[in-house]
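So, here's a batch of structures to check.
What follows is subunit A paired twice: with subunit B in the first complex and subunit C in the second.
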Partner chain A sequence: MPVPEIAESFTGSVNRVTLGATKDGGGTRTSIVTVGGARNMVYGGSPNDAGEKPVIAMDVLDARPDDWPDALLEPYKDVLDSPGDWAKKCVEEYGAELICLKFEAIHPDKGDKDATHAVKVTEEVLKAVGVPLVLWSCGFDEKDNQVMPKVSGAAKGENCLIGTVTEDNYKSLTAIALADGHFLITEAPLDINIAKQVNILASDMGFPLERIVTFQSTGALGYGIEYAYSIQERQRQAALTGDKMMAMPAICDVGYESWRAKEAKLADAPGWGDAADRGPMWEAATAVCLLQAGVDIIRMRHPRAVAAVKGFIDQVCQKNNS
Partner chain B sequence: MALTGLEIFKLLPKTNCKKCGMPTCLAFAMALAQKRAKLDDCPDVSQEAKDKLAAAAAPPMRKVVFGSAQTQVQIGQETVMFRHEEKFHNPTTLAVTVSDTLTGEDLKKRIETVSALQFERVGTKIGVGAIAVVNDSGSADSFVAACEAAKAGGDLPLILVTQSSKAMAAAAARVKETVPLLAWAEPDTAEEMAKIAKENGCPLAARAETIDALTELTEKIKTHGVEDIVLSCPEGADLRDRLFDLSRMRTLALKKVFRPLGYPTISFVGDGDGDVQMASAIGLICKYSGIVVVDTAEPYALLPMLTTVMNIFTDPQKPVQVEPKVYPIGEPDANSPVMFTTNFSLTYYTVESDVEASRVPSYILVVDTEGTSVLTAYSGDKLNEKAVADAMAKFGVDKLVKHRKLIIPGYVAVMSGKLEEATNWEILVGPRECSMLPKYLQEVWN
Partner chain C sequence: MIIIAERINGMFTNVKQAIADKDKKVIQELARKQTEAGATYLDVNVGTAAADQAGTMQWLVETIQETCATPLSLDSQKPDVIAAGLKVINAENGVILNSTPLNKKTDEEIFDKYMEMADQAGPKACIITLTMDKNGVPQDVDTRVAIAADIISKAMEKGFDSQRLFVDPIILPVKVPNAQVQPGNILSAMDQIRYLSEPAPHMTIGLSNLSQGATERSLINRVFLAMGISRGLDSAIVDVLDEKLMNVLATAEMLMNKQIYSDSFLKVYASMNE
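Right after this comes the complex of A and B.
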């Protein structure tokens, strides 16, 4: 019996986003990163439809973390107090294509550092590495609105990806990101309707849709990943059927979420394997799972997890996608 | 694919004899299409019509079962491409290899190790579902010995993996009462392998170079009387091609109701270390492999794979719930804090994880909110002062601690007053985000 043809044609595709500005583009980056562009569901159609390779953004914190498990601290123990050196290590030793600078210490409960601190760290990291940056707020609205506009200004012209803006707090960061020429991350709490709403709000302020990346929120493996998984698949479906408000590439936060899991951080768990293996693998597993649903940028932490996920991406993605 | 009333009508005798109780054959056909009547009600229907109707009613992807009654696994019968469209039905079976180059104690030990890969997560047992005995030795005798050892050494279902029909015939005959899956038939061994499967009453995996060749192969196997077939992509193909092939086969089976590919699938992940195998296996679990066979027996690699199966195959329509009761975290005593949350599993496990992180031994009271989160439950009136007071009484919270202080989620601070009245406990409003719980507990309780 002849195998029937599958004639699936979609009208839409995921937007392509190119982060980072080199000297020619008015910035100081030495590399740029392009993501998005998928014209089908993950593994649907032919490999030509898969769009750009997903990339990993390695997390660098603006101050020494006080709640990381030992297995995660170990690789970074020499650089935890220097975000610049930390970023450099991620790029040079672990091959990070993006650095995600997370401003944890500006949170009132986690150090309450001011804008001067955040600007200094931003400048330090911009100087230390040539990859494009993701600049991520602490999640405490009032403080973010004080600090993040300054961070945006410090990286003006570098085509960073900056966020996050939410339904309840989007105005100041959206305006400044637009003025400074950055890309914007819109955040929603695992709710596809809110995700669309935030994009509409940002768009209403004149922010171009093709400069937005969505963050749907992330559940770790074993801790709600199925919600994130299905939302990513639905987002992709919406993009393919031509919904411009959902056609953005997606970013997810695997590093933070997976290392909160008991399976990753519990030191002594007989029968589960060595903690040194378990943590990185929980992180890698979470990332691979979300890749199957269709995400474009993955925030990650442990070098071994990064290596495993990079290996997986290289196996499943075609090089030089057009 | 379901037939329409008119299509069914063409298959009926068209005599309008009324023996079925309907006035005309057309009316009966319409009733059949709407599943309001049974074909058996027509005494004159031909065998041909019966076969055609039965075939049309068959699910687009066949269910395949293997293993002996107690530990049987079933795969296939999937209906959708994406879990949110309905749900994924039969969780991927994870199998671990046992090579027949092992003998004696080594063989026994490997079988024990593989069988012991069972875990408990959130109150549910998850584990390796089958042992794949692989004929690496090339010898039929070694293969038989390893299969018998695997049968004796545990009660997991077996997958017999060999390209040699001689080895397969010998081994299948010895372990057939455990109903192993035979892997595999290839185009040049199809006839002999199908014969062995038929004789021993076992399902058969089919492997070919391309999807076209696989289509021919399953049709050939079927003509030899084997209906329970499992599809395998070419093992040599790289992971990317396999994932694209699996998606294409699933689409053909479900969207085109293409019967020659209407079977579940099996994938082998043999290359690389535990890290690499884990990543590949998770990719294959998410994207449509009914069975995934790995070499690694490292718990650190198996636990995430099994958790992936558990998560991806949960029913998206049903919120996963935890049992409403009091959960002690750490080793709490009569002076430890008590807080409540809802029985939506995601809510509970997030709270649990953050309470653990605080290292303050505590009691978490789980209130039954029908699996909804704090805010949803509150707005739906499933979480109110009565629900909390009832749960406290039901689970004897007043006997667990000497103090009378209850920590409540920051999002429902508004219920403090009424709750204080309903319980006579002092209400402490906790943080809105439970990631702030460690800090909160350390400050408030110490």
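Right after this comes the complex of A and C.
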């Protein structure tokens, strides 16, 4: 039986976003990263419609994590107290194309560090690596509004991806990201209607839609991944059918979400196999699944999971020429 | 929704006057306002304003394109008037040839001519074809659907992409004796026309014609627009400057899941069609 021709063509596309500024662009990065550009569903249509290859942003925390399982601490044990060295290790040893600097320790419950700390860490990481940075707030609105504008200023001109802004807290970071020339991450709680609304709100403040990356929230394998998957799919469909408020590339947080799963972190579970393998496998499986829904940037943590997902991307995604 | 804005039409007094005076400002202002209000295309109709229809069409096209990049819908039943417009147009962003019947007594091949002109105008050039043939405008559902089927099969024969074809089932004024059955007939016809090809052909209507001569024109127009959208209508020639109408359009599209809901869905609709 012949296979029917079902290739669909769309009028819209996902925005292309280029993160990082080299010396020529007024920054100090030694590499830049372009994502987005897809003109079809993942694996749909011709490879020329696939857009840019998805990339991995490896997480670096601003202070030693106190709740990571041993399997995740092990690869980083020598660098956990130095975000600069940590970032360097991710780039040089594990091939990270982006570093996501997560400001965990500024959270009132997790160290309550101040803006001086955050600025120092930002400068340290900027100096240590040449890849573009993602700068990620702690999620406690009041503290984020105090600290993140300073972080933004410390990285001014570097074309970072900074976030996140939400429907209830978007004004201060949107304004400062615009002033400092960064790209913005808009966050929604697995709710496509709110996702669109946050983009509209940021756009109303004059933030260019072409400089936004969306974060729909992430669920790990076994912990709501299907919700994240269908929202990413819906976002891609909306982009392809011309919805400019939904045409942004997408970022997801696979590292954090995967390692919250007990299947990933529980050491003492003999029936589940070796804990050293389980976590990276859980993380890699979550990432690969979301890649198929249409995600452009994946935040990840374990180097073995990163290696597996990079391998997957290289095998499956062909770089287009347009 | 593919929105074709109707105001640049020689039937309107101010446009007629502007054509007579060669007053570019009036035309350019209409182009700008309609674009800002959410027009995907600007309809350009010479109307009865000038004896030299071809020359006037050219003047309108050139005048609009001096200041506005919104694609145009060249509105004439005369192939030579369309051809004149196409001669001077920049159709890079697309153009609609609006409109032709399937055929007519004096010109059996008129639809073919429009397809040829569209092909020459570029890969994005579209045609609006009326469900009308040499016997005139059909009054019943079945003849409308039969003509639509002929239109689609003829386009397929010629290798004309169905996505560049708009079928217009022709809406007639409701305030005409015995015409009140027509809006319902059109909806029934749409129900069938949308299954004539896969993907469905675009369907469009000249909405304002429905309320010609009636009171409550805007209300009649917008209620029927919502009804049409529920039956697969994905384009219409409308008064984009009618804000209430545009709000109904945005809401109906959202309710049909054509647009993702957001709290600002009304506000954002016009900007999405830029």
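The rule is simple: the second predicted complex is superposed on the first by the 312 of 322 C-alpha atoms of A that agree within 3 Å, B and C clash if a C-alpha of one lies under 4 Å from a C-alpha of the other, contacts with A are read in each partner's own complex, and residues count from 1 in each chain.
Here is the rule we go by: a contact is a pair of C-beta atoms (placed from the backbone, for glycine too) under 8 Å apart; a residue touches a chain by one contact, two chains touch by 3 or more.
Computed from a predicted model, the values in this text were never measured in an experiment.
Chemist: Please determine, from the superposition on subunit A, whether subunit B and subunit C clash or fit.
Modeler: Overlaying the two structures gives subunit B and subunit C room side by side.
Chemist: Quick check on the superposed pair: does A:Ala293 touch subunit B, subunit C, both, or neither? Answer first, second, both or neither.
Modeler: After superposition on chain A, A:Ala293 lies in contact with subunit B alone.
Chemist: With both complexes superposed on chain A, which partner does A:Leu221 reach: first (subunit B), second (subunit C), both or neither?
Modeler: Only subunit B; A:Leu221 stays clear of subunit C.
Chemist: Touching A:Arg301 in the superposition: subunit B (first), subunit C (second), both, neither?
Modeler: neither
Chemist: If you stack the two complexes on chain A, which partner ends up touching A:Arg234: first (subunit B), second (subunit C), both, or neither?
Modeler: In the superposition, A:Arg234 touches subunit B and subunit C alike.
Chemist: Could you let me know whether more residues of subunit A are touched by subunit B or by subunit C?
Modeler: If we count touched residues of subunit A for both partners, the winner is B.
Chemist: Once chain A of both complexes is superposed, is A:Asp109 in touch with subunit B (first), subunit C (second), both, or neither?
Modeler: first
Chemist: Of the partners subunit B and subunit C, which touch A:Trp272 in the superposed model: first, second, both, neither?
Modeler: In the superposition, A:Trp272 touches subunit B alone.
Chemist: Quick one: classify A:Lys196 as touching subunit B (first), subunit C (second), both or neither.
Modeler: A:Lys196 sits against subunit C, while subunit B stays out of touch.
Chemist: With subunit A's C-alpha centre as vertex, what's the angle to subunit B and subunit C, nearest 10 degrees?
Modeler: Between subunit B and subunit C, as viewed from subunit A: 80 degrees.
Chemist: Give me, in Å and rounded to a whole number, the least C-alpha distance separating subunit B from subunit C in the superposition.
Modeler: Closest C-alpha pair between subunit B and subunit C: 9 Å.
Chemist: Which subunit A residues contact subunit B in one complex and subunit C in the other?
Modeler: Common to the two interfaces on subunit A: residues 234.
Chemist: In their complex, what parts of subunit A are in touch with subunit C?
Modeler: Interface residues on the subunit A side: 192-194, 196-197, 200-201, 204, 234, 238, 242-246.
Chemist: Using the touch definition up top, name the residues of subunit A that touch subunit B in the complex.
Modeler: 1, 3-4, 6, 8, 41-44, 46-47, 67, 109, 219, 221-227, 229-230, 233-234, 237, 260-263, 271-274, 277-278, 280-282, 284-285, 288-289, 291-293, 304, 307-309, 311-312, 315-318
Chemist: For subunit B, which residues count as touching subunit A in their complex?
Modeler: Touch list, subunit B to subunit A: 81-84, 119, 121-122, 211-212, 215, 219, 238-240, 243-244, 246-248, 251-252, 255-256, 258-261, 274-276, 278-280, 282-283, 286-287, 298-301, 303-305, 307-308, 310-312, 314, 316, 346, 349-350, 353-354, 356-357, 436, 438-439.
Chemist: How about subunit C: which of its residues touch subunit A in the complex?
Modeler: 259-264, 267-268, 271-272, 274
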